[in-house]
Amino acid sequence: MQGKRRSRGNAAILAPMYLFTVIFLIGPFVYMIVLSFLTRAETWGIVNTFTLRNYQKLLEPVYLHSFGESIRLAVYVTALVVLIGYPFGYFMAKLPPKARGGLLLVVMVPFYTSSLMRLYGWIIIFRANGLFDRLLMVLHLTDAPLKLLYTYPAVVVGMVYALLPFMMLSVYSSVEKMDWQLVEAARDMGAPPAKAFLTITLPLSLPGLMTGVTLTFVPSMGLFFVADILGGNKIVLIGNVIQEQLMKVHDWPFAAALSVILMLMMSLTVWLYRRVTGVSEMEGFV
Amino acid sequence: MKKSLALLLALALCVSLLAGCGSAKTAEQPSVTQPAAEGNEAEPATEEQKAPAAAGTLNLYTWADMFDPEVLAGFEEETGIRINYVNFDYDETMLAKLEAAKGGDYDLVIADDYIIETVIAEGLAQKLDREKISNFSNINPIYQGQFYDPTDEYTVPYGSGVQTIVYDPALVDKEITGYADLWDESFADSIAITANYRVMIGMALKVLGYSYNTNNLDELQEAAELMYKLAPNIRLIKDDFVQDDLISGEVNTAVMYTSQVTIAKITKPSLAVVYPKEGIGFGIMGMFIPSQAPNADAAHAFIDYILRPEVSARSYEYLGYYCTNQAADALISDEYKEFLVLPAEFRAEDMEMIENISAEAAEKQADIWAQFKTLCGQ
Amino acid sequence: MRKRTGISNLYLLFITVMMYLPIVIVMIYSLNESRISSVWSGTSLRWYEALMRDRTVGTAIINSLVLGVLSSLAAAVIGTLGAIGTVRSRFRGRGIMAYLATLPMMTPEIILGMLFLAFFSLLGLPFGMTTLVISHTAFCIPYVFMQVRARLAGMDHSFEEAARDLGAGRARVFFDITLSLIFPAILSGMLLSFAMSFDDVIISVLVTGVNVNTLPILIYTRLKTGITPEINALCTLMFLATLALFLLSHLAGRLADRRQHGKPHPAPAAGGPANV
């Protein structure tokens, strides 16, 4: 009796989120799916006639290519972010408490700074005859401007830079609360450091890694302004296509169809990742 | 831990609340100072008489940085109307918002020509009351009677621009006279173009001798083939700050808008400016009042204010686009004159505006553009 | 052993320096006299002066702050209750609820923006602060939700049980014990939400209306005329303000802890992980 009442009380607690989610999340998503089957009006707007055109159009090589390109870039970026961010979060968590607190502060501050500002900083660095070029020339490594800006690597650097803090902080929060006695026990039993790391530390920090990967992979498919600003608009990610269809071509039904497919791909990736790593829950981040 | 967080949050809250109070105060300020300003000068006195009808707030909706802040402040001081300056990124964002608001919410909008055609067709703009715009006759007639508003009932032009090729003669051996030169192999990976696909595909159409506004899919296909051949020469596609890249040497040639040409030439006078021989692509930005504007009186007063020669001259020097107010031409300082007044050699028959095209042709252009960009990235 | 910490410290230092490099460069260039960022024509404060004269900037900052505070507060209430509900209740749909609650985090911003724009138009909701707060709340909920849920999952329930055994009512237990235990998680979720909201361009530009120009919108919409140096100055000031706020809260937190415990306490910085 008591149990049943409690359960009902808890269900009532869920009501605000339940209502909000149904109205302002499921509602729009359902509308998007509907929209993806509607027809674009001749001048502006949408006509309520059913069509499959938007999905057929997706199969054109141009758009398939940009899906492929987006996945490729997202994979590169995520891999780099893991490689750079995991050790950072790990080392940070192993610092003495006082230094750890200070460093956490230092890492959080850029996070609260305008991302556009940080990107413009990279332009100044990468520009022809910019700081990086001059440095290389002073060191006599090169003798002419390298033309680094508006290239694929520049986009990768910008994305990694923008998304790195998510990984650092996720891994940090996972490693920081880990039970180090397990690692010590393994070491006491004669396991070499590498083995102790692989068999104990890494699996225990997987939830944090999972959060980091999700928070890196998902945005990297959609962060169109990084590709615009640092890639000179030449790298066409799926986010750029959606943005352009939405804002310049104003073909909303097609933009909706692209979004539906992108969402399906995202959900599939996250699901696969969970299946493979066996981690079902994302960890509280930061 | 808990405390420090709570403190931070409390601080943020206080700051925003304080700031909120501050803004409320500044909102009231103009109306407080208004009586003091009254009668100081003879000319604004007539404005003051109009002010009661037009007082309140003017919701001005356009791109950021379209006006010298002091021009806006001058209007507020004179009329007691507070300007609420709201920005959009693309014309299409504006149209979507205006549709959603059913022509309400905003009092005055400044946007590009082609989108205004749609706005008027959708019934989202109201006819101007010429009685309230005493300076209407200052408008340069070249910019009137255009396709988007043939009878000038809805709009007043605010700035105009042409697509221009600018190059750095120190880095380019060839003399450029028109778009066709951009296909030359010597420009490999060194040209910047704007991100407006109508303008860029239009460039290929012009080289082929077709109209910007063709609805003929075969002509568009020809233009597509030509565009794809241009891809290896393109280093950069973007709308903003292209002048920076030209000046830093990131690119040696750029197709750009008039405001950027102005900044580029003033910073680096050695740059060469080319009006392409294939024809001039021409665009006008227009001011219009939405159909259900809450404060149309204020909007009229603002249009009239901007059309004053001295206010216009100042605005265009800030904006960097061609001045559409002929009474202001004479007041523009010499430093800016050559950039802000339409070159005399331009003839109407060489110029063509980009207009709305059929949905089929528009879709074709969007596809060509996506394909072109992909090729540029390879 | 010592050598290894040396290497790891060097690594931390290097990455930290790289993280700050672009910010420092923008700060230096905000002092550039030239209107064009690729030309250095001397040091000057003219862009700061221009900034001070520009009233639209002040309004935009205020709007951004109000929006950030409102949406992070709303997200805190909804997200916290949701997290408690999904962890404690046994009803069948809670798995789906948990998935839905984190969905906005897995949705690229441009899609969220489009969704909200289309949906609000469909509902005929007037665009403005309301639509902004709704959409920002939607993408902030996951951050609070995940923080609080992680905290609840790792929580020791013995306090609550003890309190209940001593005869405290459910409401009493919730407010006196549960809430105070998860409070740090709620706060850090809110802070993160605030940061996300304060920096959001894509969704805001699509769902804003008359009267509401936020700071990121202002920065992003300077496209057409392209005048940057003022923006560099603005970003520099914002950065310094953030830094000052963080340092202040850090110091205050330490001071408070010291007073409480009578000795220095290893208090992690503001915005620290939920579990500390």
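Letters are used for the chains, namely A, B and C, taken in the order the chains are written, and counting of residues starts over at 1 for each.
As a convention for this text, a residue touches a chain if its C-beta (ideal position, glycine included) is under 8 Å from a C-beta of that chain, and two chains touch if they have at least 3 such contacts.
In this text, all values refer to a predicted model and were calculated from it rather than measured experimentally.
J.: By number of C-beta pairs in contact, which two chains lead?
T.: After tallying contacts for each pair, the winner is A-C.
J.: Suppose chain centres are the mean of their C-alpha atoms. Which chain sits farthest from chain A?
T.: B
J.: Distance from the CA centroid of chain A to that of chain B, rounded to the nearest Å?
T.: Result: the chain centres lie 34 Å from each other.
J.: From the C-alpha centre of chain A to that of chain C, how far is it in Å?
T.: From the centre of chain A to the centre of chain C is 16 Å.
J.: Counting only Cα atoms for the centres, state how far chain B is from chain C in Å.
T.: The computed centroid separation for chain B versus chain C comes out at 34 Å.
J.: For chain A, jot down the residues that touch at least 2 other chains.
T.: In chain A, the residues touching two or more other chains are 127, 130, 246.
J.: Among the residues of chain C, pick out those that touch two or more other chains and give their numbers.
T.: Within chain C, the residues that touch at least two other chains are 37-38, 188, 220, 228, 246, 250, 267-272, 276.
J.: So which stretches of chain B touch two or more other chains?
T.: 89, 93, 96, 99, 245, 248
J.: Please name which positions on chain C make contact with chain A in the complex.
T.: Within the complex, chain C contacts chain A at residues 8-9, 11-12, 15-16, 18-26, 29, 37-38, 77-79, 81-82, 84-86, 88-91, 94, 97, 100-111, 114-116, 118-119, 122, 134-135, 137-138, 141, 143, 145-151, 153-154, 170, 185, 188, 192, 195, 198-199, 201-202, 215-216, 219-220, 228, 231-232, 235, 238-239, 242-243, 246-247, 250, 266-276.
J.: Of all residues in chain A, which touch chain C in the complex?
T.: Going by the criterion above, the answer is residues 6-7, 9-11, 13-18, 20-21, 24-29, 31-32, 35, 84, 87-88, 91-92, 94-95, 97-98, 100-125, 127, 130-131, 161, 164-165, 169, 172-173, 176-177, 211, 214-215, 218-219, 221-225, 239, 242-243, 246, 252, 255-256, 259, 262-263, 266-267, 270, 281-286.
J.: If you look only at chain B, which of its residues touch chain C in the complex?
T.: My answer: residues 1-9, 11-13, 15-16, 19-20, 22-23, 26, 59, 61, 63-66, 69-70, 73, 84-89, 93, 96-97, 99-101, 105-106, 239-241, 243-245, 247-248, 259-260, 263, 267, 319-320.
J.: In the complex of these two chains, what residues of chain A are touching chain B?
T.: 40-45, 60, 62-63, 65-66, 69, 127-130, 145, 147, 149-150, 152, 228, 231-236, 241, 244-251
J.: Which chain C residues qualify as touching chain B in the complex?
T.: 34-39, 53-56, 58-59, 61-62, 65-66, 68-69, 117, 120-121, 124, 126-127, 183-184, 187-188, 190-191, 194, 205-206, 208-213, 217-218, 220-228, 245-246, 248-250, 252-254, 256-257, 267-272, 276
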